[in-house]
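Below you'll find the structures, each written out as structure tokens.
Here come two complexes built around subunit A, the first alongside subunit B, the second alongside subunit C.
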Partner chain A sequence: MNSSATTKTTAVLVALIIVVAVVAGVGGYFAGQSAGYDAGYKAGYDKGVMAGGAKAYEKGKSEGYKAGYETGYKEGLKAGKPKGPTLPDKIKIGSLMCLSGFLGPMGQKIKLGVELAVKEINRKGGIAGRPVELIVEDTATDPKTALEAFKKLVEVDGCKVVIGPMASPEVMAIGKYANERKVVVISPTATSPKITTEFPDDYIFRTVGSDALQGKALADTALKKGFTKIATLVLNNPYGIGIEEKAKEVLGDKIVLSIRYDPTKMDFRTELSQIKDAGVEAVIYVGWYEDGQVMFRQALEMGLDNIQWIAAEGVYGEPMFKVADAAEFMKRAVIGTRPIAPTGLITYKLFAESFKKEYGKAPTMYQDTAYDATMLAALAIAYAGQYDGAKIKDALQYVSQYYIGATGHKMFDKNGDQLTQFYEIWKVEKVDGKYKFVGIGRWP
Partner chain B sequence: MLFLVVVNWLQVLFNSAVTGSLYLLAAVGLTLTYGLTRFPNFAHAEFMALGAYAGYTIAEQLKLGFPYSFIAAFISSAALGAASYLLVFRPLTHRGATIIHLMVASIGLDFFVRHLIKQVWGGEQLSFRMVWPYFDVGPVRITGLWVALILSAIVMVGVMHIVLTRTRLGKAIRASANNPDLAMASGVDVEKIALVVWIVGAALAGVGGLFRAADTRLVPLIGWEILLPAFAVVILGGIGSFYGALIAAYVIGLAENFGVVFLVMFKLSTDYKFAIAFLILILTLILKPSGFGRLFGEGGKVV
Partner chain C sequence: MSEPLIYVLDMAVFVGIFAILAVSLNLEYGFTGLANFGKVAFFMVGAYTSSILANMGFPYLACITVATFAAGFVGFVASLPALKLQADYLAIVTLAFGEILRFIFKNEEWIAGGVQGITVPSAITITGVPIQTMMLIQLTIVYAALAICYFIAQRVVNSPYGRTIRAIREDELAAQVLGKDVFKYKAQMFTLGSAMAGVSGSLFSQYVRFIDPYTFEPILTFTVWMMVILGGPANNLGVILGAVFVQALERGARIAKDYLLLPVDPHNLRVMIIGILIILILMYRPQGLFRESKVKTPALEVASKWKKRS
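Here is the complex of A and B:
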């Protein structure tokens, strides 16, 4: 290794160590104290900088991170305990999840990510010594129910921070009320660009990228495959329409047919006939599980498995395979995109380990963003030092600059959206008689 | 700007027949019981749901195949229809219940049965795993399920037609619906006739529910999903009119499916296909308030 390379490596190392140390410092914010920052910085620096070579570098980075994080956390909590007299004895975090309805099977899983974060926080002594109490309400994947449940969390339980709701129409439904009552809302899954345009610069945050990006990812995937005659088939709600509009911006007149459908109807034969008759090469599809299963089953029956379907993340997940026809159709004709954390993140590994220890299985889509949303909420409350919506909102913007979570750096822009988001391109394979999702590429 | 789309009209026509057949099976019992016992029975939704779930148990949990689940749906819903009439609605009528009482009771019964179903089968979504054969007839794509659905509707219509026009039972049903007092005076056991109609209507609804479930999926609300179009069929066809319902079901099926084609052309969401069906309903009520039923009779209600 020549000297310039060594210098370069060292420079990269130092840069990384600073990031690691800053993350460790975030542990300190749990108590609103900087004691952890010093400890974490020192531990990380020692472990990392003293090591040499790629392997040792990785090891040092990993160990340094862990040590720094743990030390920072402990020190921070110790120092912070006497502080924060304005925080209540029990800190409530509300959560709105689709535990039933169209996204029910997904919501049941995503809830685990939120619960894991709360367990970890409480295991480490809570926020400045105060335990976190999680209150989960079911939205039934319905905007009206979501608003009712949100009002219950705000008015009855007095929550100032709510994780969720999951679906974009639900976020749209509660947004105005959240702003009026100054309640911080962090959705781990709502992706519609309409949330940005409707509620800029306010109490609505999300730990997943806007579909302004996924729309492009889907369109680029279609372009890359050389399709010139494309149809869009989307849910008639902010989620579907958001992606449809973004895809149109990219694809222009390559889109020859656009259909917005009602997910409750479940009789999609004539919609599918239209696509068949239009003679398109590809379909950009946005749906949810329940309607997606029926759509794919009927698409198989209509013989639409000979064109390429490119689907958004709403139909990514094992529950899709409960319907044999739908699973078979996905194997034959569907690829898609889904938000994903940057590759090889140590923070993701730590999250995955903790998840596996708790639930005995590997985490799946959106459990990581839910975990990050909850962690960010706790950090923001700690940094604010009081249970006050406006203060927590400002703190959230601030701590997000330093938080590297399971899904990477979670910095919010001024609209409360993620600055970056990566996507995986997936397809479905059948291995040993079992269907499964396989990654085949990344975007960008 | 319009989308200039190529449309396979034959396919749309066939799709309409599928939709219409489902609505017909769902609505026949509703219109006949409405005509005979004089109240809209909201628990009819659960006759569909129970048939679907009973069929699911036979086909998927006991793995006996679809023909058996067809029979199971028929019998279980028939039993529920009989029980509903004998245990809830007949006693209420004897105590002088009005249409409002009976209607509210039917909503209560609906909730009771739905949550019972939820207890037995769970609230989670279930699906038939069987794969139906599909084939092309000319330009039209057809599956075994859709053919079975249309055939069931045709057979049902044929049998009902013969029963209503050629048998004593049919005459008694028509007489009871037309003028219960006169029918009773003529020696017709109106309550017995009503029981038969409730059983048959519920059984057909159960079959309709089973087809809906096999075509889509099972959720406890499966009956409610098609109760609204079923009521539209009842009103469009004229309350109590079998032949009116027959026409109305296919009119609404056509309206919905052709509606989709035009909505897509005009770049509107296909959500509005319901709106088209209801527009037809409203227009019919304005122009012909008694629905299509009157087309078959001379003033009086004709079942």
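Here is the complex of A and C:
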């Protein structure tokens, strides 16, 4: 990136920070006015713009961003004003995570992102001075259990906002109930395009892009490389099928072979020999860690490293390197996409710093979207000034327009989907005997 | 605001749905001695049939009726080859049957959306009614179905027919020697049990309103087995209480974890508790918490009166 571009980025970021600060003020204004309490407005507006935004603008440096960002948050959270009777003394945020079952290992990690956000909110004085209580329930990666756990959160605990669930079928299972009971659901990870068509314009939100976008990113990557004979090899579940359908839509008859596989099978020689026999130039691949390790190991055995593999984010992560052959195969033949925050985003750096301070390690995939989902929920509650599902839903649409989170601008469209989502194109390299993921490009 | 009552009602609905399954498995295993490890298959047939019909716009009464017959029919067809096998093999075959059926629903997208699942339109829609009332209506439907199933099951097991199937359970050869067509009786009980599972599946799908193949994994069968073994095989009331117990333990663990500080995740503890209980029961009380119910017939009643008089 050259210097003028850097300056431009800086300017844009500064502008965004100011927006964050201003929304704090606006939040303060509305909330203050609605309860006839002017001080909230004044404090929010003055502090937000003057102390945070203006300072950030003048300095135009990392320090300034941080101050602006922090103040923006703080004021945004405070905006519900201190004396209004409408918010409960303790604000409950529910969370549904796959802590056991197939996505268990991933869920245990993603939970940390939610917890970090809650800790930060409470450190900043909670929402309008009220502490946030987080209640996490396990869904066991099962739609039936997810619905039961969701009912527990809603009916027993009285949660009006729930972060999660993680898997798309779980979101599908709880969607109708959420709408009926007017409970805002923000999933940080469910990517199936079917969620958009099944639940348009309602209480279901997500802080990650629909796979309609990632399918396009994968297809475009294949197109850019000039492949004309392509196979798709995807998990036989909504995640895999969502991407497969989109890729087919973009690539048309360039797709000569489509395979859906069962991840629990753990022997994929049949599928791999089909690919070998088809003589394709590239494979668009959607898998998870455990099946991915076996898939890549067997692909290496069968000499399939001479064709280009283009993988979705399911196989992005250190666990893939536990199997040496899989790691080697990835180094030789695999590139892929994954959802990512815009490059050099200061808010991501702040998030990563905070995460490292709390847990002693760098954040991994989807911990950032979980963090953003929680922050958005808190800001929306603050802006709504009431613990009421319908109000929070409207507030969420509104605050999302101004929220720049760890993963960038989180504006929702009217269906509660992300308006934009960036993807990194990655590959695997071996440096000093250690495998690691490196970014080699971006989409769009 | 929070409505714990809804959660309690929700649990009651699930107890009812599972109690029907438990009663149906009790007919097969408790009374006839058929180790059906594929209970979920017939539950699944009921659920899918009902959902597909509901999506085509049929009224709910039609959905549940067709679902019952469909599950019964599939049960009958499945029983023909399966019942020729000895007990252990029957268990394996039925288990496999459930999985095969699940894979068909999973891979044949045209049937009901494949892995993406299918949403089910609400069976009863009354606008402007509070959710508690809707739940009570649901509850009434489910318990009415349970009452009918319980009534049928009680009639079957207390009739001469019931004594025949108990005889088959105790000693197949002896029953054959007495001139009973063992295969016929077994197939009939399997069909009846499967039809009841279909009722339960239909109720389940219209209650949760979204089903996909992941909902019907074999673990569901074993949950029903837990209810039957804990409650007491061959005691219809016992297995219903078994259903209450297992559901209460599952839900209770979720709530208990908010109030208890334990070294283990209470949600996992629940699985351990159930496991230990089953081992203890099988070791020290193989007949379950409740003993096999005594046969009730008019003749027996008269006889016992005479006995008292003398």
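Rule of thumb we're sticking to: the second predicted complex is superposed on the first by the 366 of 444 C-alpha atoms of A that agree within 3 Å, B and C clash if a C-alpha of one lies under 4 Å from a C-alpha of the other, contacts with A are read in each partner's own complex, and residues count from 1 in each chain.
The working rule: contacts are C-beta pairs under 8 Å (C-beta built on N, C-alpha and C of every residue); 3 or more make two chains touch, one makes a residue touch a chain.
Predicted, not measured: the structure shown is a model, and the values here were computed from it.
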Touched partner set for A:Lys194, first subunit B, second subunit C, both or neither: second
Which superposed partner A:Ala173 touches (first subunit B, second subunit C, both, neither): second
First (subunit B), second (subunit C), both or neither touched by A:Arg181: second
First (subunit B), second (subunit C), both or neither touched by A:Arg269: first
Which of subunit B and subunit C A:Glu290 touches, first, second, both or neither: first
First, second, both or neither for A:Gly314, with subunit B first and subunit C second: neither
Partner chain in contact with A:Gly158 - subunit B first, subunit C second, else both or neither: second
Contacts of A:Asp142 with subunit B and subunit C, given as first, second, both or neither: second
Which of subunit B and subunit C A:Gly389 touches, first, second, both or neither: neither
Common interface residues of subunit A - those touching subunit B in one complex and subunit C in the other: 100, 236, 260
Residues of subunit A defined as touching subunit C within the complex: 99-100, 135, 137-138, 142-144, 147-149, 151-152, 154-158, 169, 172-173, 175-176, 180-181, 192, 194, 198, 236-238, 241, 260
Subunit B partner contacts - residues on subunit A that touch it in the complex: 100, 104-105, 236, 256-262, 264-267, 269-271, 273-274, 276-279, 290, 293-294, 298, 301-303, 322-325, 328
Touching residues on subunit C, where the partner in the complex is subunit A: 1-7, 10, 14, 106-107, 114-117, 119, 131, 208-210, 212, 214-215, 217, 250-251, 254-255, 258, 265, 267-268
Touch list for subunit B against partner subunit A, complex: 3, 5-8, 11-12, 15, 18-19, 123-125, 127, 129-132, 134, 136, 141, 143, 212, 215-217, 219, 225, 256-257, 260-261, 264, 267-271, 273-274
